[in-house]
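Note that the chains are named A, B, C and D in the order they appear, and that numbering of residues resets to 1 at the start of each chain.
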Amino acid sequence: MTWSEKAWERVSPIYAKILEMPFNAELSNGTLPKEKFIFYLAQDAYYLLAFGRTLSTISSRMQDADLVLAFAGFSTGAIFAERSLHESYFVEFGLDSEVHPRPSTLLYTNYILSEAAYANVEVAVAAVLPCFWIYKAVGDSIFSRQEGDQNPYKRWIDMYAGVEFAIAVEKAITITDQLAALANAETQEKMWLAFEMATRLEWMFWNSAYEEEKWKI
Amino acid sequence: MTWSEKAWERVSPIYAKILEMPFNAELSNGTLPKEKFIFYLAQDAYYLLAFGRTLSTISSRMQDADLVLAFAGFSTGAIFAERSLHESYFVEFGLDSEVHPRPSTLLYTNYILSEAAYANVEVAVAAVLPCFWIYKAVGDSIFSRQEGDQNPYKRWIDMYAGVEFAIAVEKAITITDQLAALANAETQEKMWLAFEMATRLEWMFWNSAYEEEKWKI
Amino acid sequence: MTWSEKAWERVSPIYAKILEMPFNAELSNGTLPKEKFIFYLAQDAYYLLAFGRTLSTISSRMQDADLVLAFAGFSTGAIFAERSLHESYFVEFGLDSEVHPRPSTLLYTNYILSEAAYANVEVAVAAVLPCFWIYKAVGDSIFSRQEGDQNPYKRWIDMYAGVEFAIAVEKAITITDQLAALANAETQEKMWLAFEMATRLEWMFWNSAYEEEKWKI
Amino acid sequence: MTWSEKAWERVSPIYAKILEMPFNAELSNGTLPKEKFIFYLAQDAYYLLAFGRTLSTISSRMQDADLVLAFAGFSTGAIFAERSLHESYFVEFGLDSEVHPRPSTLLYTNYILSEAAYANVEVAVAAVLPCFWIYKAVGDSIFSRQEGDQNPYKRWIDMYAGVEFAIAVEKAITITDQLAALANAETQEKMWLAFEMATRLEWMFWNSAYEEEKWKI
């Protein structure tokens, strides 16, 4: 069993709960209230910038040129996605270009930024994997469940099923498995824990959007 | 007006709310339920370890020997406090030595760890200042409000009023003002924003303890 | 006078000495001994990997999405250059794919890696600028001085004059000037000092190749 | 065989050469020219500041409170040593308080700073160990070889044999062995390579002092 197979097994209870979230169900069938979608888009743009910075940090900590290149490329991809959100949906919905992160967004972004800067690099890689893999799986599920051409979120959903993102996800899983194969049992366990934590933070991110989470203070 | 005077002014609405929190009121008069106190202690131990690591990062990013020394000394102080929690209260209350952080704890620890690693160093210093200053002010307030010798938290409260911590707080404020005096207006503003964010996270930390916050997933 | 104009002025004595170096003169007229060229290529490959990692670190420390993207893109460019060295010249000359850095190479790579990780980000940007700008200027000079089609290094020299690299250099200078314009005088001075140090290390890098520098121990 | 026993075996040829260096022989018998000693003191002060910063970075990257504390304490020790150089010898010899590092000094300081920021933490620990262990062994050797009360460097030599430093060295070796025992073979090899590189840089540091190394540009 590869590290990633075991990783998926460990997060499957959380993944199952993510699929059942009202946010994703209502996105699929087009009933998601527009303000929840807009909340999500703005927080996602904030997230993507931090995700790109995290991937750049991981790039800097690699010693193999192919891996330095892979993560700099992932970073570029994340920032392009962020830019495209700003240039399409932000304009369409009249959003401010500056986004104020809500607690669950900051909880997730600072978790991955910290892991990238402080942890051993294999653990940092495991911490960013859910944003590739869980996101892709959820996207595929929403794409397959979507109903009717009238879904106002169709354009967004179609993007989920993009080939380019699919290739990046495959590559990220492969790299993580290669690093895990060279790591000892203690490091592999830390990698699983980081993968689980980030998966949990994925759930919280969507939940925050659905609840339109506010700062209590 | 110094940077720190303005900083205090900017957070005074949040500070006022912190003083009014039931956690602090009940700690003062001894009515705080024991399980809330224990929750707090465990999360505080987790926090202090991350605070120490953050202070070490800041130490490493200084170029002046006195500042490298000051922050390495602050780090040492934070870890001694963490150690003393484990060796006294953890034993007294039969707590596990390993602590699982709750969301608000992680939100705060990863915020300061990230700022220390990524931001310009003046901003990182501003982000750790509330844990010195707000904490000290709240501690003094609780100390002055405490009632009766029967307060089960008396030993804890007395520690708040320690001279050693007071000296460290003074030093941290002085250093921050010195760095701010050399910084331009844009950097000073970023420093205030970091100070405000960390003060907000102080409120959330105490609130989390009072609510015995749980992971939703 | 922009920061970069002043920067160029400050390093002009070192730059003049770089242009006069026998390495560059002999590269231009084709008389450079092949073993010195090979030494240079191997060390340059080592350098480019570290340069790419440094650029990724800078990317991670930016807060503006355009700058995160710019430096991740620069990193990608550096690693592509490193890859192309390995896939062309390394094969042609039968070089080992693993390179052992000589002292002057390590002196330069660890300088930029450290600045990127520890210094305020404007200073880190200034420290990597010579590898864009000085390198480009020297390349242009060699290109304009080259003699005859028989020069065995013609292919290499032509690459120096590439349009793609020219665009990256322009962009790096522009970004540095923008950051300098927002910085105070003290930071600008630190930026000039970093720019000068890295220019000095450029000279030492070429000198190391010409002398085929060895470890004394 | 522990990791440290093997480490010592691997660097023994370099260590033997360090003991034979004229710098150390002449320091022992008091014939070292005063200007070489002064050169050394100034570069050592520069080194110690960077060493302290490096130890703070390592402190920040530990997850165990005892190790966070140990490295923050080592950092404090390094900065105290730096301060004491400034307050005693710098005054005695009328040295500038600001030191300009020579190439071999920068080669060493940026090597350890970079390893601390980028490498996995076990490797970073191995990279700083020679500055404890080799330095202590050389100090003990000089102490045991010193001749006569007329040696002008007696005060300096006596400091080498301090009990406090001996305890720190023991602790650093023990910690490194503990980390190595948990690491896999690939990581242990990287640790040995880092230990060897830093030992080589120790030789170069002393050699630089004896030659009163200058910048070529």
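What we mean here is this: contacts are C-beta pairs under 8 Å (C-beta built on N, C-alpha and C of every residue); 3 or more make two chains touch, one makes a residue touch a chain.
What you see is a predicted model, and the numbers here were worked out from it, not measured in a lab.
A comparison of the A-D and A-C interfaces places the larger number of contacting C-beta pairs at A-C. In terms of their C-alpha centroids, the spacing between chain A and chain C amounts to 35 Å. For this pair, chain C with chain D, the centres built from the Cα atoms lie 31 Å apart. Spacing of chain A relative to chain D, judged by their CA centroids, is 44 angstrom. Under the contact definition stated at the top, the residues of chain D that touch 2 or more other chains are 53, 60-61, 118. If touching chains are joined by edges, the resulting network of the protein chains shown connects every chain directly with every other.
The touching residues of chain A, when paired with chain C in their complex, are 49, 52-57, 59-62, 65, 68-69, 71-73, 75-76, 79-80, 82-83, 86, 116. Interface residues of chain B, counted against chain A in their complex, comprise 14, 17, 53, 103-104, 106-107, 110-111, 113-114, 117-118, 200, 203-204, 207, 215-217. Within the complex formed with chain B, the residues of chain C that make contact are 60-61, 118, 120-121, 182-184, 186-187.
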